[in-house]
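Right, one structure below, let's go through it.
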Amino acid sequence: MIPIVYNARSMMQRPVSSSFTAVGIALVVAVFIAMLALGQGFRAALARTGADHNAVVLRKGADSELSSGISRETARLLASSPHVATGADGRPMVSPEVYVLIPLPRPRDTTSVANVVVRGVSEQAWIVRNNVQVIAGNTLQSGRLEVCVGRKLLGRFDHLELGATLRFGGRDWNVVCHFSAGGSSFESEIWAENEQVMPVFRGDFFQSVTFRLRDPGAFDDAKRAIESDPQTVVDVHRESAFYAAQTGIAGAMLSALAIAVTSIMAVGAIFGAVNTMYAAVGSRTPEIAVLLTLGFRPWQVLLSFLAEAVLIATAGSILGALLALPVNGIVTSTTNWSSFSEIAFSFRITPVLLAIGIAFGLVMGVIGGFFPAWRAARLQVVQALR
Amino acid sequence: MRFFPLVLANLGRHKIRTTLTILSVIAALFLFASLRSVLTTLRTNAQFGGARRLVTLNATGLVFTMPVSYVNKIKSLRGVHSVSWSNWFGGRYGDGKVFFGQFAIDPESYLAMYPEVVMPPEQKEAFIRERTAAIIGQRLAERYGWKIGQDVTLQGTIFPGDWTFTIRGIYTPTNPAIGDDAMFFHWEYLDERVGRWGQAGWFIVEMDSAGAAGTVAKAIDDQFRNSSTATKTGTEQAFQASFAGMLGNLSLLLGFIGTAVVFAILLVTANAMMMSANERTGEVAVLKTIGYSDRTLFGLVLAEAGLIAIVGAVLGLGTAKAFYPLVKFNGFGFLPGFNVTTATMAWGALIAVVLMIASGLVPALRAARMPIIQALRKVE
Amino acid sequence: MALVEIRDVNKSFQRDTQKVDVFDDLTLDFEQGSFTAIMGPSGSGKSTLLNLIAGLDKPTSGTITVGGAVVSAMSPSELAAWRARHIGFVFQSFNLLPVLTAFQNIELPLLLTRLSSKERDERVRIALDVVSLTDRMDHYPRQLSGGQEQRVSIARAIVADPTLILLDEPTGQLDAKSSQEVLALLGRLNTEFGKTVLIVTHDAHAAAKAKATLHLDKGVLEKV
C-alpha cells in the first residue's frame, strides 16, 4: 500500500488549498450540527415533558390542552378509577389542571407579546408530573394569589424575580418560587393554584387531568376502560406520546429548514473538495507515473488519493464539530403552534449528533475526492511522463 | 472588451474546475436569496393591516373570548364606521397532518370590511344566504380538489363533534398576507350548535378615517375597562406583527447561517482562483515580457474572478426568483406571498461583487507584483 | 548612433551567500539592421545581457540605451509600455499560452494597442504569412510541432513591428530540420525586412547564420 505519509506530506505542501477546503467542510459540518442541535433541543424539551408512566386525559376530540375542557365531576370520577396509582400519602396520584395562555410583553420590544402558559395545579402536580422541583423560594400556598415561575422564563420577561408582583387576568400575583423540570417544556410555564386560576379565566372546569398509571404496562387497558365509560367523554393519552406529538409543525419546519440549508451548503463544500483534489492530482501527475512504474497498482493509487481527501475532510469535520460546540446550551424560543404557547428550549448537542456531523463531513470528503482519485488511478504512465 | 477572449480562454483552461466553482457560487446565492426572503416575507406580512382597521382582543389574552353583544356598543362609539367579528375554529381535517385555518365569521360585515378577499359576486351571495355554507381559499381548492357545492367535514377540537359545511365560494386574496388557504363559515351556525354561546374571538373595527387609531382604540378599551371582560385594542398591523414575533429568534439564526454560507463559498472560489493563478506563473511572466503592465494583469485576473461571480450570481439569484413562484411555495402556510424581492437580489449582487474582489485580489496582486526574471527562470 | 548602446555595465547577483559579478564594465554597441549571435559557456551572462537590453532587469551600474531611450533608467510601468512597442522576445521553451490558438497567441501584443479588431486581424495574418503558418492559425499549441510553435513565437515577436528582436536559445529544443526552418526565417527577417536581431545561442549553425558573433566568457567580451 502506498504509505499514508506520502499523502500527509503532499497535503502539507499545498497548505493554503488544503486548509481552505478543510474550512469549507468545517463550516458545513458546523451549521449541520447546529441545526440538528436546534431540532434536537426542541424535540427534547417536549419529549422530556412527558413520562411513560403517566397518562393525560383530555376532552374527547381535543388535540391540545388549550382546546379541552373537563368538568369537576369528570375529574372526581377519574380520581376514583382503579387504574390510578396511589401515592405514599394514600391519596390517588391525580392532577387536575387548568391551562391558559397569557400575554406577557417582551422586555426589549414592548409592542410584541409572547403567549405564555399559566398552569393551574394542585399539590399533586408536583408529585405526578415528571421531574418537577422547586429550586428557589417557597412552595405555593393554597388560597393565595401566588405563582411559581419555570426556570426558562427567567430573564426573558419582566417581573419574574422572587418577590416580584406579576399582573395578569386583572389580578396581582406574587412570585414566590422558581422551579425546574428536567429541561422540559414545563420550564417555560408559570404555575399557580388551580382553584385561583379557574375563576379568573375560563370558568369552573379544568383543561386536563394527568395521573400516574398504577401499572404503566397496562396503559391500553386503562385507556379502553376510561374511554368507554359513558360518564366521562374523554381521550386518554400516554403523557410521553402526547407531548412528543406536539412537536408537530414546528418540528417539521425545523427539520425541513435543516435539510434544505445543509444540502445546499454541502453541495458547495463538495465542490470545494473536488477542486482541491483535482488540482492535487493534476500537479502530481509525474509522481503518480513514478508510483505506477515502481509497481503500485491503480487501485492503490485510487485509495491513496481518496485517503488524502478523507484526511482533509477529517480535519475539516473535527474543526466543524469544535466550531459548533459553543452553541450547546444557548436558549432560544419559538411558538409551539400545536399549543399556541411560547416554548423556550436550548440547543442540545449530544455525542451522537457530533458523530453524525463528523460522518457527514467525511462523506462529503469521500464524494468530493472520488472522481479526482479515479482519474489519478486511470492515468497512463506514458501520458504522465510526457 | 478586447481582452474578453483571453479571460474566457483562461477560464476554459480547467473547465471542470470553473464549472464547479460557478456551481458553488450559484448554490450559495440561491441559499442566501432563499433565507433572506423568509425574513422579508415575514416582515412584509407583519406590516399587513388595513389603515383603517383595528383589532379588539380580550385583555386577558388572545385565547379568551368576549361577548358578541359588545358589537353594538363599539359601533356606537365616535369614529367607528363598522364592526365585525371572528372566531378561531381550530378544527381538524382528515388525519390532521396538514394545517389550515378555519374562521367563524359574520359574513356580510366581515367581507365588507375585507375587500382583499375577492370572489365572484354570485359565490359571495350564495355564501351569505346559506347558513351551513363555507368559502375556501384558492390554494385549499387546489390542494384537496374541493369544488363548489361539495360538502366538507371537519372534526372539531375546541368545539367537539363533526362539522359539515358546503362550499359555496372560492376566494383569492389580493394581499398575500391574508393567506389563500383559509376557510370561512357562518358564526351563527357555530353559535347555534354550541347552544347560543354568544362569544366572539376578536372584533375587527373599521374606523371612519385612518388617523384616529389611537383615540378610537382608547375609547373602545375605556368602554369595557370596568366590565367583567376588559378589552385591548390595537391596529391590525400590530396584531399581525405579534404573530411574526412568535417565530422567535429566527432572524438571528438565519443571519448566522447566511454568513456561514457566504464565507464558505468565498473560500471555495478563492481556492479555485489561487490554484489557477499558481499554475500560470510562467505565462504571466511571458505576458509581462511582451509588455503587459502590472495593472493590466491585475485587471485580467480580477476579471476572471468577476466573470465567475457574475455568472454564478445571475443564475443563483435568478433561479431563486423564478423557482418559488413556480412551485407556489408558501412555507407550509406560514409564509404566504413568499417572494424574492429586488432588494434581496441587489444584496445578492453586492455579495457577488465582494466575492469577486476578495477572491481575485490575492492572485491578482501576486500576478501584478511577480518579478519577471524569477518567474522566467522557473519556466526555462 | 548605434541602435543599442551599452556603457560600463555591471551586474551583480546574490547567489545564496555568494555575491557574483556577471559583467565587468561591459561596453558594447549594436547597429541598426545587424544580426548578431552571442555565444559562450553557461553562466557567462548571455541571457542576462539580453534581459538587460529588453529592460527585464536593471544593471547594477552603467547605462543601456536602445533607440535613444535610456532603458536602464525607466520605471517598471514605463518599461512595460516601451517593451510592448519596441521589443520582440522569443524564449527557448516556447511560452505560447496553451489555451489560445496560434492566431490568438500572435494577437496578444496587439491587444495592448489601440488598433481596431480589423486592423489587428490584418497584422496577425501578415505575421502568419511571414512565418508561413497561415494554414495553422486556428491550431492550439499542442497541435503544433516544436518548430511550428517556435515560428508562432517569432510571429508574435514581430507582429507589433518592434525595433529589436531578441531570442534566447530559440533552437535549443528543436531538431535539426526545425532549427533550419527557424534560422532561415530569422535570416529573412534580417535581410528582407531589415530587422535588428540579437540571438543568444549554443548552436554553431545559428551563429553561422548570423552576420557577427560575440563570445562572452566570464562577462568579458571577445569578438570573433
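So that you can tell them apart, the chains are marked A, B and C in the order they are listed, and the count of residues begins at 1 in each.
Basically, contacts are C-beta pairs under 8 Å (C-beta built on N, C-alpha and C of every residue); 3 or more make two chains touch, one makes a residue touch a chain.
All figures in this text were calculated on a predicted structure; none of them were measured in a lab.
Nearest to the overall CA centre, using the mean of each chain's CA atoms, is chain B. Put simply, the chain farthest from chain C by mean CA position is A. Computed centre separation for the pair chain A/chain B is 25 angstrom, with centres defined by C-alpha atoms.
Each chain gets one centre point, the mean of its Cα atoms, and the points for chain A and chain C are 72 Å apart. Each chain gets a centre from the mean of its Cα atoms; for chain B and chain C, those two points are 65 Å apart.
Taken in their complex, chain A has these residues touching chain B: 16-17, 20-21, 23-24, 27-28, 30-31, 35, 38, 59-64, 66-67, 100-103, 106, 109, 111-115, 168-170, 200-202, 249, 252-253, 256, 260-261, 264-265, 267-269, 271-272, 274-276, 278-279, 282-283, 332-335, 337, 340, 342.
By the touch criterion given at the top, residues 14, 16-17, 20-21, 23-24, 27-28, 30-31, 34-35, 59-64, 90, 92, 96, 99, 155-158, 160-161, 230, 238, 241-242, 245-250, 253, 257, 260-261, 263-265, 267-268, 270-272, 274-275, 279, 331-332, 334 of chain B touch chain A in their complex. Across the complex, chain B meets chain C through its residues 2-3, 5-6, 9-10, 12-13, 282-283, 286-296, 372-373, 376, 379-380.
Per the touch definition, chain C reaches chain B in the complex via residues 51, 54, 56-57, 76-77, 80-85, 87, 89, 91-93, 95, 97-100, 104, 108-109, 111-112, 117, 156.
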